[in-house]
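Structures for review follow.
One chain, chain A, links the two complexes that follow: it is found with chain B in the first and with chain C in the second.
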Partner chain A sequence: MNAFLKACLTAVFGFALAMQANAAEPIKIGSVLSVTGPAAFLGDPELKTLRLYIEKINKEGGVLGRPLELVHYDDGSDANNANSFGKRLIESDKVDFLIGGTTTGATMSMAPLADRAGIPFISLAGGVVIVEPVKKWLFKTPHTDRMAAERVFQHMKKQGLTNIALLSETSGFGQSGKKESEAAAAKMGITLVANETYGPKDTDMSPQLTKIRGTAGVQALFVFGLGQGPAIVNKNAKMLGLKMPIYHAHGVASEEFIKLSEGAAEGVRLPAAALLVAAKLPDSDPQKPVALGYAKAYSERYKEDISTFGGHAYDALMILVGAIKRANGVDKAKVRDEIEQTKGFIGADGTFTMSPTDHLGLDLSAFRMLEVKNNDWALID
Partner chain B sequence: MLSQFLQFMFSGVTIGATYALAALGFTLIYNASNVINFAQGEFIMLGGMLTVFFLKSGLPMPAAIVLAIAVPAVVGILLEKLAIEPAKGADTVSLIIITIGASLVLRGIVQIWRGKGPAVFPAFSGNEPIIIGGAALAPQSLWVIGTSGVIVLALWLFFNRTVAGKAILATSVDPLAAQLAGINTQWVLLVSFALSAAVGAIGGILLTPITMTSYDVGIMLGLKGFVAAVVGGLGAGHGAVAGGLLVGIIEALTAGYISSAYKDAAPFLLIFVVLFFMPRGMFGAKKTERV
Partner chain C sequence: MRRPHPGLLVLGAILLVLPLLLPNAFYFDIVNRMAINAIVVLGLNLLIGFAGQISLGHAGFFGIGAYASAILPTHYGWPPVAAMGAGAAGAALLASVIAPPIFRLSGHYLAMATLGLGVVISIVLKNETAFTGGPDGMPVPPLSLFGLEIFGERQWYGLFAPVLLFSVWACQNLIDSPFGRALRALHGSEVASQVVGVDVARYKVAVFVLSAFIASIMGSLTAHYVGFVTPNVADFLHSIELVTMVVVGGMASVYGSVVGAVLLTALPQALATFEGWETVVFGAVLMLSMIFMPKGLVPTLAARLGKGR
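Up next, the complex of A and B:
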């Protein structure tokens, strides 16, 4: 009996070993995203996009003949969690690459880990601090807050609007936006004659708007926030009969924003990636096929509207896969160098050309200025 | 200048009315059981979310609203039956922790069921603002203020003019004596949870067209409602209303005249000031402890 058992065990073991040797070892991509919590509306489509495209790539034979494996943790929109999950990914899951950090806070809390372990890390967060100053192992795909502010001010100046009111959210996104807007305004000759804030969970912004309306010389309003706050600002502004043009930041670029504003979004302007208006782009636009392809794949699979945030994840994954292919292996230093060499990659967020001094690789042209017309987005610039 | 002040007041009174409804919910349950029910904010959330859900499934607005009040009331009863009652005899702190747990469960269920995005439905009588003295007032604000007033009046009549209401009051004063007088204190507890859930849900329904709702909207509303209840003196109905309005108005005035950055700090500063000078709140009963 004993001998029989031993034989059985050996057989099972041998079989298991053989199986493992047969299948190519997967390339492990670790990710920490904010799938729950306040930043969930960013992290949720990001994770869905990663899953969708990793599945797709694996079905088509993987990368260099090896399947991709996603090891994912949800930080619940808390940067402290991101740090401990980052440690777990590197030390116990032994991932090859990192994608993620939905928020700037989460990214910065994981950045030192990636740096110490020497792991290429592509962030999906907006903050400028991620790529300025350049960190050896850290890259990112979303446009920065500064670019959004600069793009908006560029458009305002064209319209002759130079005295403006800034209304920013007290969330991390809004605060970073406030800082960048203040810096960009000084540089671009825009004067902030009023500078107000509101809380991310606030339900009424009419006091702030009343104050802005009462400030002399305000020509336009720039709202820097995300989620439902900016939609409430639209509704309050309409109720108060605020006549000045309203600009929003890129954080609210989703169909949901128009829906939530219930008609009050009419005429508001914002900078956004081409993804949002893919179908409206001229056929000559090189981004059109990429954006349309992504939009189709995502909405077919998940039966929900696309947001630009999922596009950040698409770009990060594709840049990484491209770099692995060019490096012809998963050697971390080589892949890092190849990510830095990314040139003319047309993604959902724009055309990426990275360099040793630019770990983002997008310029202002990546942002299209949109205006809400008849409850839909229209390209205006 | 006056129009600006009026605008701040309109904002403050509207939001204050919903804080008052949340505070009333705290008060109802506190009176019956000495428990601070931290799931109160979740009833507000349920009111709004369920109305959105029932409207989307094709029900007419009145039916959706009735159901969105009834379902949270049942949830309130279940909460009492399944979570508070089995822990009978546990000290108040344990019961409060149970309500925190219940609020996390409710929030989690709604998050999974309805997703994390915000939702909204149209205002009852349009969005065309009413202009008074140069300040704009949304028609929905009148609904919020008016309905809150009606609820406060109805609750007052219930507690002062009906036997059932008086039974609840008696239980809050002295549960043992009430029991000896033949009052079913278990029933009192159930009614309090149902009532407080229904009041919270009504607040949520009224507020949603103005502020939108989402699975986590109850956290801040519940917290501000709690501040309002404490400022007003826990257990006093008129105190809850005064506290709610005061918190709402102070918030709006702080945002308007000082800086919007300090807006959320103002109510919490208020709680210190009030409790320092009036440890039992503005309308709290004066109790003397016998030694």
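Up next, the complex of A and C:
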């Protein structure tokens, strides 16, 4: 038995040594994501996506002949931890690049570190403050809340709806949405004739809806929230017989939302990334193969539904890999310049074209307008 | 003059040698965070360990300090040191106003009341978006002392290490003073201490205000140190973390506070490589230490060593 064990160990060690001798120095990508805690529903698919594609890239020979190595820490949805792990990645693990920051808070607490160390850093968080004003080393892939509001208002205007009621959640997502919606409305000639809020744990929104119904001139309702709340709004609106069109924000873009609404979601509209309706896109759509490919790879590997959040991680990784290839090395300043030069990259979130003044690179076309028809999503714009 | 405690000399020596041993800024960062937690826990241990009163809302005071240092300089152009002072004064004032009614309670009821206090502060920080930036948090300007900006983990170590040493020294002296004896007396029996002339209510309020003041100051320093605050700092979970440090390190033990803070700050970092199992291992470590050392690490070990001699 002992001899057998010894032989096994020798074999394993020998193999490991051989691997080390053969393999080129890996390119280290550091990431801090919120895999546990309240933001886990965002961080978990992000991490799984990074793992999946780094494995895939390595199987295909790596980048510039060098394998990618992911060094990952979980910040437990606490921005303070993200700051500490950011230091660890930069100072101790000596990573070449950073991907992550699931939440805006986590990203902003790490941003000064990346800036000081001069490390390209692609964030997976939504906040506008990440890229406005532009920070030299900081990029991001997800759409902003402002874009969601603008896309909804754009669609409303096309329908001739200019007097609207805003109903927002008092969560972080809803508050940011409220602020951005108010700013976008003023800019786009939309009048907010009613502006109500509800708590993330509220179980009945009929008072707000009754008030909105009683407000003169309201043509449409725009709900900015996450999770249960928006579904309850749908149910209450149906009970109250609210006739106006209802728009939601991108945060509820999932099958779960239709299920939670128990039939009351019929006819509601919302902006969402192409990933959610990959199979329904016309064949001429350049995003179709990318979105379908990602959806297939992810659901085959993890046996669970895809979410648009994992798409943010896919885009970040691919933009980074593209930049490393173009820079022909891992020189941080060169790779940073190349990320900034990203042009026409078709990702899960849309088509990215970055510039020195735009470190996000998405325009409103990245959002598709969807409507719920027969308990399923239908592409309407 | 009395001879300084041997423990203080050991701690001083460790803090002096440490910079030579730490390989990079990340390790300095960990040590700085240990020092921050240790100082807050020292204050909290006065309340929990020595006076026998619980507070499940201490992160609230920490949050008041942190946000005072973020909001006053950013929105109103206050100098950081003045903002820190205002935060600490505010925390102390709030503590002194709230303490008389809640310290009429004891046991579970006191725990509930302090918990409520912490939760209220955390909700205010989350919802006053115009000032606090809401759940996404806000940046904090750097701290400058006497015109010098403190920058980088090594310089901050130069600030935190002496403050920690001073806090330990001050705590030890406080405990050996009539004030400390009164605290321990009311922990033992409130009636008995009243009989011998200790104004129980006044001492409870005083120690609560003191620990809130310390938490607020450290909240301010942490905010400047990290450069960014989110409402997480005032979170209920953070309060629990602080109480855990007190209990694991050892109630009513000055060095227990330091050891508890060091251990519970280092553990999550050490376990970060366990990938998804870290919370399980973390929980197991806490459970085992509580089962086998219910009095906390330092008092239990001290008792064992004492017996062996």
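General remarks:
The criterion applied here is as follows: the second predicted complex is superposed on the first by the 359 of 381 C-alpha atoms of A that agree within 3 Å, B and C clash if a C-alpha of one lies under 4 Å from a C-alpha of the other, contacts with A are read in each partner's own complex, and residues count from 1 in each chain.
Definition applied: a contact is a pair of C-beta atoms (placed from the backbone, for glycine too) under 8 Å apart; a residue touches a chain by one contact, two chains touch by 3 or more.
Keep in mind that what you see is a predicted model, and the values were worked out from it rather than measured.
On the shared subunit chain A, the superposed partners chain B and chain C are arranged side by side without overlap.
Looking at the shared chain after the overlay, A:170 reaches both chain B and chain C. Contacts of A:160 after superposition: neither chain B nor chain C is touched.
Judged by the touch definition given at the top, the superposed model places A:206 against chain B, while chain C stays out of reach.
In the superposition on chain A, contact of A:40 is made with chain B only, not with chain C.
After overlaying the two complexes on the shared chain, residue contacts for A:189 are found with neither chain B nor chain C. In the superposition on chain A, A:65 makes contact with neither chain B nor chain C. Closest CA pair between chain B and chain C after superposition: 5 Å apart.
In the three-chain superposition model, chain A touches both chain B and chain C at residues 36, 170.
Within the complex, the chain C residues that touch chain A are 23-27, 29-30, 33, 126-127, 129, 134-137, 139, 153, 226-228, 230, 232-233, 235, 268-269, 272, 275-276, 278-279.
Considering their complex, residues 36, 38, 40-41, 44, 170, 196-199, 201-204, 206-208, 210-211, 214, 227-228, 231-232, 235, 238-241, 256, 259-260, 262-264 of chain A touch chain B. Of all residues in chain A, those touching chain C in their complex are 35-36, 72-74, 77-81, 83-85, 87-88, 90-92, 103-105, 108-109, 112, 127, 129, 170-172, 175-176, 179. Here chain B touches chain A in the complex through residues 4, 7-8, 10-11, 14-15, 111, 116-118, 120, 122, 127, 129, 135-136, 138, 207, 210-212, 214, 216-217, 219-220, 252-253, 255-256, 259-261, 263-264, going by the rule given at the top.
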